[in-house]
Structures are given as structure tokens and as C-alpha cells.
Amino acid sequence: MEEEEPRIGVFICHCGVNIGGVVNVPQVVKYAKTLPNVAYSEDNIYTCSEAGLASIKEAVKKHKLNRVIVASCTPRTHEPLFRSACREAGLNHYLFEMANIREQCSWVHAHQQEKATKKAKDLVRMAAARATWLRPQEEPELEIKDSSLVIGGGIAGMTAALTLADQGFQVYLVEKEPELGGNVRRLHLLYPTMQETRAFLEPTIEAVKANKHIETLTSTTLSDVKGYVGNFKVTLDRKGEKKDIEVGTIIVACGAMSYTPPKGLYQYGVFPNIVTQLEMDELLRNGKIQKPPERVVMIQCVGARKGEIRAVDLAGFPKSDTARLLAKILKAKKEEGWPYCSKICCMNAIKNAILVKDKFPETDVTILYGDVRVYKEYEDFYSLAREKQVRFVKHIEEVPPEIAESPDGRMSVMAYDALSGREMHLPCDWVVLSTPLIPHKEEVILARMLKIPISSDGFLMEAHVKLRPVDTQMDGIFLAGAASGPKDVPESIISAKAAAARAAILMANKKMSTEALTSVVDEDECFGCGLCEEICSYGAHYLEEGKSHTIAALCRGCGACAAECPRRAITMQHFTDDQVLAQIKAGLTEEV
Amino acid sequence: MAEKSVLVVGGGISGIQASLDLATRGYKVYLVEKSPSIGGRMAQLDKTFPTMDCSMCILAPKMIDCSHHHNVQLLTYSEVKGIKGSPGSFVVTVLRKPRYVDETKCTGCGTCADHCPVEVPNEFDEQLGMRKAIYMPFPQAVPRAVTIDKVNCIDCGLCQKMCQSGAVDLKMEAKEVELNVGAIIVSIGFDLFDPTQIPTYGYGRYKNVVTALELERLLCASGPTGGHLIRPSDGKIPRKIAFIQCVGSRDRRFGTTYCSSICCKYSVKDAVLIKEHEPSTTVSIYYIDLRAFGKGFQEFVNRAKSEYGVRFIRSSPGEIKEDPATKSLTVWYEDTVAGRIENQEFDLVVLCPALVPRTDAKELAKVLGASVDAYGFFKAANILTNPVDTTVPGIFACGYCLGPKTGDIPDSIMQGSATAARVAEVLERV
Amino acid sequence: MKYAFFLGCLIPARELSYEVSVRKVMPELGVELVDMKGANCCAPFSIQSVDYSSWMALAARDLAIAEEMGMDVMTLCNDCYESLLMVNNILKRNGELRNKVNELLSEVGKEFKGKITVKNLVDVLYGDVGLSKVKKAIKEPINGIRVGAQPGCHLTKPKRIHFEILRGFSELDSLVQATGVESVPYERKEMCCGGPLRDINDDMARQISRQKLSALKEAEVQAIVTVCPFCFLQLDLGQLEIKRHFNEEYNLPVIHFIELLRLGMGMKLEDWEIKAHRIPITELLKDRL
Amino acid sequence: MAEVANTPRGKGVLLCIQCGRCSSSCPVARLTEEHNPRRLMEMVIMGFKKEVLPHQLPWYCLSCFTCLDRCPQGGDVGEVMFAIRNLAVRQGNVPAGVAGQAKALYETTRVINPVRSVLDKRESLGFSKISNEGLEEVQKILKKTGMEKIVSST
């Protein structure tokens, strides 16, 4: 469309009192009308409400608007909504611009109303300046292959695989160990039903093996992932032999691993009978404990709820550079422990405590805890343990338990019982340490290959921790099970099914369209230095015949390449220099 | 066609997620909601941890997606009355209660409400704010149409006169519709335990003892106080605030022996929000076990302590007494770690009530032939292996109606998506 | 209406005036009280503190006697009441324990069958006689007096075992009001009088009583009305002791509910009964005595 | 713990989650640091026998049963107290007042007995005699239950 006069409509949102309570909205509306190319302006209590959207559409028609600006909150949550409103009004949605006068204005200047109003005007002025330069864009459409790669053959991975296969999608299930089952394989019974792990694991494994849509590849790892949503090209490595597959979606179910305390922490590895809950589980299952112990002491939060990820840990790590980040975190945490609550340890301890009590009713089982975090109906399980006369001792950080050799050659645990204000000396035969679930080292490689960021707790990061718990920032890649944080079996199963559902949406629709916000190379200017290929975290650039090319589907529009390019041969569509410079210039000129 | 369509009962966040996933996947979705608008509990919250996004701000787009999606049909102000058939081909009878307003005509301009002479407490604001007899529960309501609550309406007909688009229809009658669906998802959410059952806390008798949900409304910018946290008794800004955990949770007397899973977490969030509102406020949280499990929460608690100076006291207070003159509240508690029995005065006390099954959960379960568990929540076919299947094949459940096995919003969303997967599994099985 | 009349130990020994009023008033309301021959002490908390099975057996023996009489038990003292009620409930519901207890009783040719219920004065008046009948019986209402009613702990606590008849302050209050006086609310009304610690930890007992008394003082009552003889003793005699130990004077006359009822019905108290009140009631009720 | 937990009135101790509602509701605990029902439960759970049984601790409780109504778990401190006292008594820890009542009960079937003048008064009023006719039966029972030994030993 070359080139009708820009006619901009500006819609300014009160967001209840979020904005209206600070910024003088009517004043801003009045001001907007004075700006070049602005043909219309109005305010709405909630522009995002159906009424607000309706009045945008109406105004576009009535006032022949060909640009729309909404001054409200953040594009992160609301841009898609307003864009679709534009579409419905027959306007290409790349002709929409947003000014954030809430997060960037009313919220941060709540006590400076006048200045806030001035700033709101500035932001609107800048948005208008850019809007003038906006151009319609077409969005490329992608084919989505209806096959999926599931990484990890634990309970989450198998569940995801089965869920997809049952819907007729081809699934490649990749497990690095020689057999399926993951962490659960190492468990004896599962709380709270106390059913035998085997009784439910074996049938699942059988179902996977029997399913004609699932190709299971054990002892297999990923050696390379190329491509993008709908068209991932994955190279697998099965004991040295390579295998290439093409899939439309990827579900990461790499799970987590149990933290092993460093030698000497609570005398672990010093005294013989000090084990982790997982080791105790195995001892019980294999009947390794014959002689009824007089006492078993369990210590909670060993290596968890300790320290914190300090800002310096994260300083200077671009989200994309997950490898170095996790490496650093792992190193720091090995000694210091992990800051988060692993949430399954209390139940694991109680489960093992009950198993000990059932086997040796005379044995005293004492659990040293900070908080008993048996959430949901698990509370009843905690009560059951108490009724079986398991003792729970609350200790406080200031006085951590100490383990010493007792005169009789056994161990003795000194614990401070905060709730009676008394010291206890507990001679015992076994000390069991409850350790958290922590990220796999392999996660580093995975994260790097899949280009998913890692969050500060070291686990793979969701697209939005609240609203998109199984999506990642990479289209077509989803998270299942403990890959994104500690989960027990039911929670893993739920997240696996959720991830499968999300992946199925893409594959069932067979195609999707992607953002037009990508880099475009001007081949005449490009002299093939390759800096863009180097800098790109998403592998969206490649050199061919001395020229750089962009894979639109991979490009996240971060602009790193454009900034790096010595010949300024790269343009970011929808973020052109003209647009940005106009915006900056408007920002620097005083309110008119 | 039935096998390609799904009924979702309950328009909260988990129901919305299930609907959108299924609709985008290509299924026809009927989303039935009892109240006049979808949105559920999440719509009532102020901000959400950890991003501190305003809850409504991140929910509203999803609500609107539902109303715009070509595969979603909203049946608000409606209830499921009967069901026949089997997985793949259920026939469901839905009662569409009369709204006395034509949704298709109403623009939600609100003129009718402006002129309506009847004012009653607004359920959406936990009775703290007022609404008219013809009303929209909250500004972002979906669908954007008003509803006449006939219980309080005095039939003055003013709304009808005022309405430009002739949407008001005082003669409207309830009607039943039959839907053919392949599968059903239940996501009716939770109610709050009634704190008057614990008289020593004085809820209902003492004005300044409120529930956490009431607090959310008091904090919320679009709430009855426009986001200004004030005492119900005198509108003063509370300087000393206490949170009391496990009001009805972990309690054998009422059969609610479970942990409600979310109270510790939202309390810490609210405490921090209050501190940000009014840094000078002292906030004390009385807990038995501080259950800050889940992504980022432990770290958040540490910050609440060190950065914001929120007080955490391991104690479940025995009783609350009101000073009849000042309406301030004396909380009797024992700091169990110090072993000291003390009492402290507060301007406002926030009770964190147990989350309990919807009052009509049993009834709906009966209609669907599904069983409920010991607490009255929908029973999972197998809490280990089939956590989102009900005891009836082809009927699934997500969100808090499954009981506290839902931690919080992300869990509800995951369950919503998980049920979508189960539906597809059943209907696509090849 | 016939009841096995369980007198207990305290009343006949220390508060004869209570018994007198009961024996005078109840027949007027159509209640026949039959003495329990050979009944033993109910085994109150002091005895329960010593031995569990003795408690069970002793209380069961009393219940067995009442069962032989074929009547429900009526108690006056909250302590007797709670003891008999608890044992009756437990043995009715716990067959195993019942057999154990009956083994002991068989030694003395008795058996607990669980055929009767245990009631106290308030139950009988409110539940069986009925409020309306009580009101009718009031010939000369005692008007213009503010009293604080002291239900005593074991009339209502613990709630879960008091399920056989609905029971709370309200029933007692409405009975008290029926006599014409005004029964006013006061702080921590449900709280203990301190009596149970008498002879165990006298100082503590007195301090608890002080709390009670000052709460009543704050509510500006002119008198305290009790149902339980222990509460009466603790609050009446207690005031003298408190005066001695803490040099505090409350001067709140304490009066048995049944006496109030008796006066309301137009009967007079005899001189020795009036004197039985250590805090004089003459000033308060002068025109009625 | 077991010694208390395995008695009919003591089993509540196993349900205790140490929330502190009992202690902050207890009229005695509000008056003296000494008495803390919640802490007493903890000490029983942890088996601090020597710190509990020989001392005053078990004898502060009024048995007013406020805690029974307020305990969310049915822990019933007020009930458990009797289980603890039963053990204390067997260790010879029994207040004179209690011992006296027990003795009186064993010797007269009642814990308090009327003085001469009161008996006369009753007679003049024509009330039934205060008789000890149950005595033989009562003593028989108390021999069986072992209370007689306790009485004579204290």
C-alpha cells in the first residue's frame, strides 16, 4: 500500500485506577490529538475489555484509521489481543503500536502524578512517531510435521509419549539409560497409595513397547538439534551410531537427579550407616537391613533451602548462554546446597519412616525437620506416621543437628528440639539424609542444543511460570516432569499430559504462522563476514555463497545480528532504523 | 458432531485453559458457567506470585480469547441438569437461567445499572462492594452483558426504559438446551470454609477480621476500595496486620484434615504486596508449618523476611478478642519456638480459610454419576496414574474441584491442558 | 417425671442449702426425685487423676444403680455430671471396655447395660420440664437485678460429648432470665472458676477466680448465679480467700440458680440458708427474703 | 511416649501437631510460664520422662476442657493430662489434696464427708441418711483395680 497518509488512532487506557489513578488520562487524550498524523484519540476504562476492543474497531472504520496505538500496559500480555482487534477491523496487525504507560509510568511514578502525566505524553508521542513509519507485514506460514521427539524415558516421558501416540502421532522416545523407567525405577513403593512401583511401572513400559506409534531408543542421546518448530532435524547417537530423525515438536522430560551430599556433610561418607533417602529406599527394598535397629534418625532439607542464587551468579549471563550459567550454579551449589524447597522430601521421609515402622515396630524413628511440608491430602499421610509413633523434631537453623560417634561405637545425633526448648542426644544405628532433586548435568547440553533458558534454580525455564508452565520460549518445545523443577509422580504425569496436549495442538493443526519480526539481509550490502551467524543464539543465520541468509522461523527478532553487522546490511522487519530513530527523536524533543 | 465436541463445566482458569487447548486443537467446546461471567477465582485475585502481574490483566486476554474463539460457545449463567449416553456420545441437558437481558444486544454500556435504584452487596467483591440489581459483576466480565438478579429486582422497569439497544427482556424465561458432546470436563473450583465455625476467631462478629479472599478484593485496584487497603470498621489504613493460617485446614473437627496447599504461599505474597503499598505496616504471619514449596517460593519467603521484614511466627492462635471501642483486635497466641504465650494488638486480622468443595459439587457429581472423595471433592480414578480422570469414563476433572492436589494457578493450568490431552486420547484413540 | 437423684459428695457435706432448694422446688414443677441408695462418689477429676479403671468402675456402679431403678440420672454438680456422662457415653460406645468394666462390677453383682441417660439440673428444667412451665411457675419475678450467670465448664465443654441434649449458655440464660433478673454477658464467660485446682494448687485456683470475678465486676453485675456447687464454693468462699491473699474486695453475692428460682416462685429462704452465703445476699434481696 | 499414647485417655498425644492453640487458650498457661500444655505434649512425645513425671507440671491443668474444644486435631491435651497424672501418681507424685480425696473415697465411698452438725440438720429436715452402704462393694472394686494399693502407698 504505497502510500496513503498515516491516520493514527490513539486509545488511552485507565486500567481502572492502575493508570487513571495516577496519570491524568483525559489530558493525555487531548495532547495526543495535537500530535502529527493523529486523526483520532479517546480513553477507555479498560481498553482490553470487550467494550474497549469494540470501540477500537468502530473508530478504525468511522475515522478511516490506518494506524492504531494503545497506551496501556505491557505488550507481553496484551499486544496479541489488540492486534487481533486490528485484524478484525480489517487492518494489518503490524500497523499496531503500543505505549506502556502502566509498568513504565503509572506504577513506578505512583507518587508523582504530574511528572507521570508528562511521561505518559512523552511515551505516546514516541509511539506516534514510530507508528508513522509502520508498514504492513505478511507472516510466513510453516508446515508442522505430525511427529514428536520425547527426551527422557522416565514416567513423565513415557506418559507424554503414550498420550501422543494414542492420538496417532509418531513418537520417538529417547532414553540415555539402557532401560526405561527413570528415577521411579529406583523407588520401592510410591506414596501415598504405597503401591509397588513395579506394579505400575512395568505395565507402562509394556504399553510403550507395544505401541506401534512409539519408537523407543534406549542408550541413546541427542548429538544435534537443527531446524525449528514443525521441522526439527535431530541427530541421535546410539552407542556411537548416528541416526537422523525429523519431528514437528519436542517434549523435554529429562527429569532431575537426587542430590548427593559432599563427603563430610552430616558425616556422609564418613560413618558407614549414613545414607540418603534413596539409598535407604533401596536398603529396605532389598531387605539389606536384617537386625531391627534401635533407632533411625532422618534429617530433612540436607542441601536444600540453603543459601541463595546470588545476583552475581546470574550477572552477565544472557538467557541463551545457559551452559555457563548452569555449570556455575552446579559448582556453587555442590557445597552450599540449593536454595529451593524440593517439596517431595518430606513425603519420601515419611514414607520410609512408615516402612521402617511396619518392618520393625520396636524401632524408634525420629525425623528432624524445619517445616513438615506435606501439602494437599498428604497431611493424612503425616498423621498416619504420627499414629504409628514416628517422632517429629523441629530444629532451627541456628542449631543444626550434629552427628558424633557415641561411646558404644554407634552414632549419636545431637538435635535441639525447638518446641520443648531442649537438647536431645539420640544414639542411633542409621542416619538418613533427605536430599533435594537437582538438575541433571546433561541439562546443560540439552539447554544449549534446544536454546531454552535455565531459571535461577538451575531447572529449565517455562515460557511463563504462571500462565505457560509447560511451554518454553522456543515454539514447538515443551517441558514435562521434573525437568522444570521437582515433582512427584502424579504431578509429573499431569505435566506430561499437559505438555503432550500443547504439542498435539500444533501437530493436529499441521501448520502455523510465525511473527514477521525477523531479520532481513540486504544481499547487495552483505559481504559475508559471518558475524551474524556467530552472534545469533538461535542459529537463524547461515552463510551461502558468501552471503548471509535468515531462517525466518528460527529468528526471534532479538536484533543482535543487525547491531553487529558492520555494513548495516541487516534490517529488523517491524523494527527498522527509521522507526526506532523516529521514536528516539520524538523522545528527545520536548513536549510540544 | 458429538465425538468432535466437548463440554467444559466451570469457567475458571483451568476450565478456560482446557477450553482453549481443545478449541485450538479443533474441537467444538461448550463452556458452561454458573455465574454471569467466566473468570472464576483467579479473576478475584489482586496480583499473582512471582511475576506480580495483576491477576486480571493476565487472565482477561484468555477470557476474551474464549469469547472470540470460533470453536468456543459460552453458556454463562447456566447449569448442567442431566446427562445421558456414554463416552463419545453424551447428551447433556443444560439449564440456561434467564438473564433477563439479551446477550447479543447488550453492549455493556452500563447505563441501566447507573439508573437501577436497587443496590445490593456484590458477590464478586465478597460482599465488600455494592452492585445494582441489574449488573455486570466486574468491568472485564465476559460475556460483556449485564444480568438482572430477580431476587433483588423490584421490577421498576427503569433499566428497560434506559436501554438504548433494547436488550432488557423482563419476560425472559429459563430454557433447557441439549448438547451432544463426546467428553465432559468438570472444573467448578472451590468454595471457602466458613470461618464462623471457629467462633473464637470472631469472623462475622468482628468487622476487622476478614478472609484472605476479602483481602484480595481490598488490595485490588478494581476492587471496592479502588486498591486502597482500609479497615472495614472505620476505613482507616491498618498499620498492624496479622495473617492466620490453617483456619479449617488440617482440622479433624470439620473433616477438612487436608492442607489447602496455597494459603502459606498467597499469604507471603499478600504480605509483600501490603509492604509495598505501605512500607511502614507491620505484617505478621501465624503458621504451623510454613509450606513454601514449589518453584521460587522458598527464595521468596527468604526475601519477605530479609528484605521486607515480614514477621513469621510458628503458632496457631487460640483466640481473637475485639476491643469494642477501637474495634482493634487482640490475638492470643503462643510463639511455639520461644515457648512464650503472648498477645498482640492488630488493626486487621486476615484468616486463611480452608478451600472446600463447591456447595453444589455433590449435586453435580450425582448428575454425572461421578464419585466424590472423603472430603467431597471429585474423586480421581487413580490419584497416582489417572489424576485427572473422574470415576466415570469420558468425564474428566481439572482445577481445585479435584481437591487440594492442585497447588496453585500453574497446577490448575497444567491440569486444564492435561484434561484436554485425555479428551483427545479418548476421542482420537486409533 | 422421675429421676434417680444423684446428690454427690460436696452438696450434702458443704452446701445443704442447695439440696434443700432442689427438694423444695422440683416437686412444684412436677419432678419427682428418688434417692439412689448406696451410690458412691462419681469419681471426679481428682480420682480420675489417680486411676482410669477405678473411675470407669465407680461411675459405672452408680449408673448401674440408676439402671436398676429404671430412671435417668439427674445430677446437680458439674463434676459429677461430666464424670457420669463421660463414662456413660464411653461405655455405651466401646463394647470392649464395657466388658472389662462389667467384669469388675460382676464381683459386686452389678452390671452396666447402657439403658439410661445422664442429665443435669439445666437439662431437666429446660429440656424436660420446659421453659414455658418454669416461666408459669414464677409468681413473683425478681426484677431490676443484673446478674452474671456462671455455667461452669462441664455444662458445655467439651462440645463433642455433650450431644445427647442440646446445651449451651443460652439455655441457662433463658432459665435465669425467667426468674425476672437480667443475665448479662461478660468477658470469657465460658472460662473456669478455678475450683478444680482447690487443694491441688490453691494459689493458682485463686488467681483464676480473680480473673472471673474482675470480668464480672467489669460487666457491672450485682450478683453471680451458679449451677455448680464447686463454682459456688470457689466464687463465694473464694472471695474471702482472695481478700485475705491479695487484699482485693469484690463483694459479689453468689447465689444458686435453684435458690433464685425458689424465690421467684414466691417461696422464702430460711435464715440459716441465707447465712450459708459467705458474701451476704441480704442487701441485694432484702425485700424478697 | 508409648506409655501415655497406649492408654485410653492418652492416645491424643499422637495427633498433636504442636500448633499452640491449646496453650494460647489455656487460662493457667496465660498466668504462669511453668504450665504449657503444648510443650507438655511435646515433652511426652519426646519421652522426657524425668522432666515431667516427678514434677508439678502435670498438676497445673484445671480440666476446664477449653483445649478439647479448640484443638484442631483432637489431640485433647486436657484428656492426655489424666494419662500423664496416672503415671505420675504411680511414681508417688500426687498432691496431698488428691491423695486425701482418694483415701476418703476408699474409706467412706465419698471424697468429702459431712460434719456431725450437718448430719443432724439433714435428719431434722427429714432427708435420706448419708450412708456408707456401698462401702463393701466399692472397696472390693478398688482392690481389684489396684487403687487401694496406691491409696495406702501415698
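A, B, C and D are the chain letters, set down in written order, and residue numbers restart from 1 in every chain.
Everything that follows uses one rule, which is that contacts are C-beta pairs under 8 Å (C-beta built on N, C-alpha and C of every residue); 3 or more make two chains touch, one makes a residue touch a chain.
Computed from a predicted model, the values in this text were never measured in an experiment.
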Pair joined by the larger number of C-beta contacts - C-D, A-B: A-B
Averaging only over C-alpha atoms, locate the centres of subunit C and subunit D and give their separation in whole Å. 20
Take the average of all CA coordinates in subunit A, do the same for subunit B, and state the distance between these two points in whole angstrom. 26
What is the distance in Å between the mean C-alpha positions of subunit B and subunit D? 48
So the centre of each chain is just the mean of its C-alpha atoms; given that, what is the distance between subunit A and subunit C in Å? 67
Where subunit A touches two or more other chains, by residue: 383, 394, 419-421
Residues within subunit D bordering two or more other chains: 15, 17-18, 38-39, 73
Check each residue of subunit B and list the ones that touch at least two other chains. 250, 289, 314, 336, 339
Identify every two-chain combination in which the chains touch. A-B, A-D, B-D, C-D
Which part of subunit A faces subunit D closely enough to touch in the complex? 383, 386-387, 389, 391, 393-394, 417, 419-422, 424
In the complex of these two chains, what residues of subunit B are touching subunit D? 200, 246, 250-253, 288-289, 314-319, 332-334, 336, 339-341
Under the touch definition given earlier, write down the residues of subunit D that touch subunit B in their complex. 15, 17-26, 29-30, 33, 36, 38-39, 70, 72-74
Sort out for me which residues of subunit B touch subunit A in the complex. 21, 24-26, 48-51, 53-54, 57-58, 60-62, 64, 67-68, 107-109, 139-140, 142-144, 221-222, 226-227, 250, 257-259, 261, 289-299, 302, 314, 336-337, 339, 375, 383-385, 387-388, 403-407, 409-411, 413-418, 420-422, 424-425, 428-430
Along subunit C, where are the residues that touch subunit D in the complex? 9-10, 12-14, 16, 19-20, 23, 35, 37-41, 43-54, 57-58, 61, 97, 104-105, 107-108, 110, 153-154, 157-160, 190-192, 194, 196-201, 204, 207-208, 211, 272
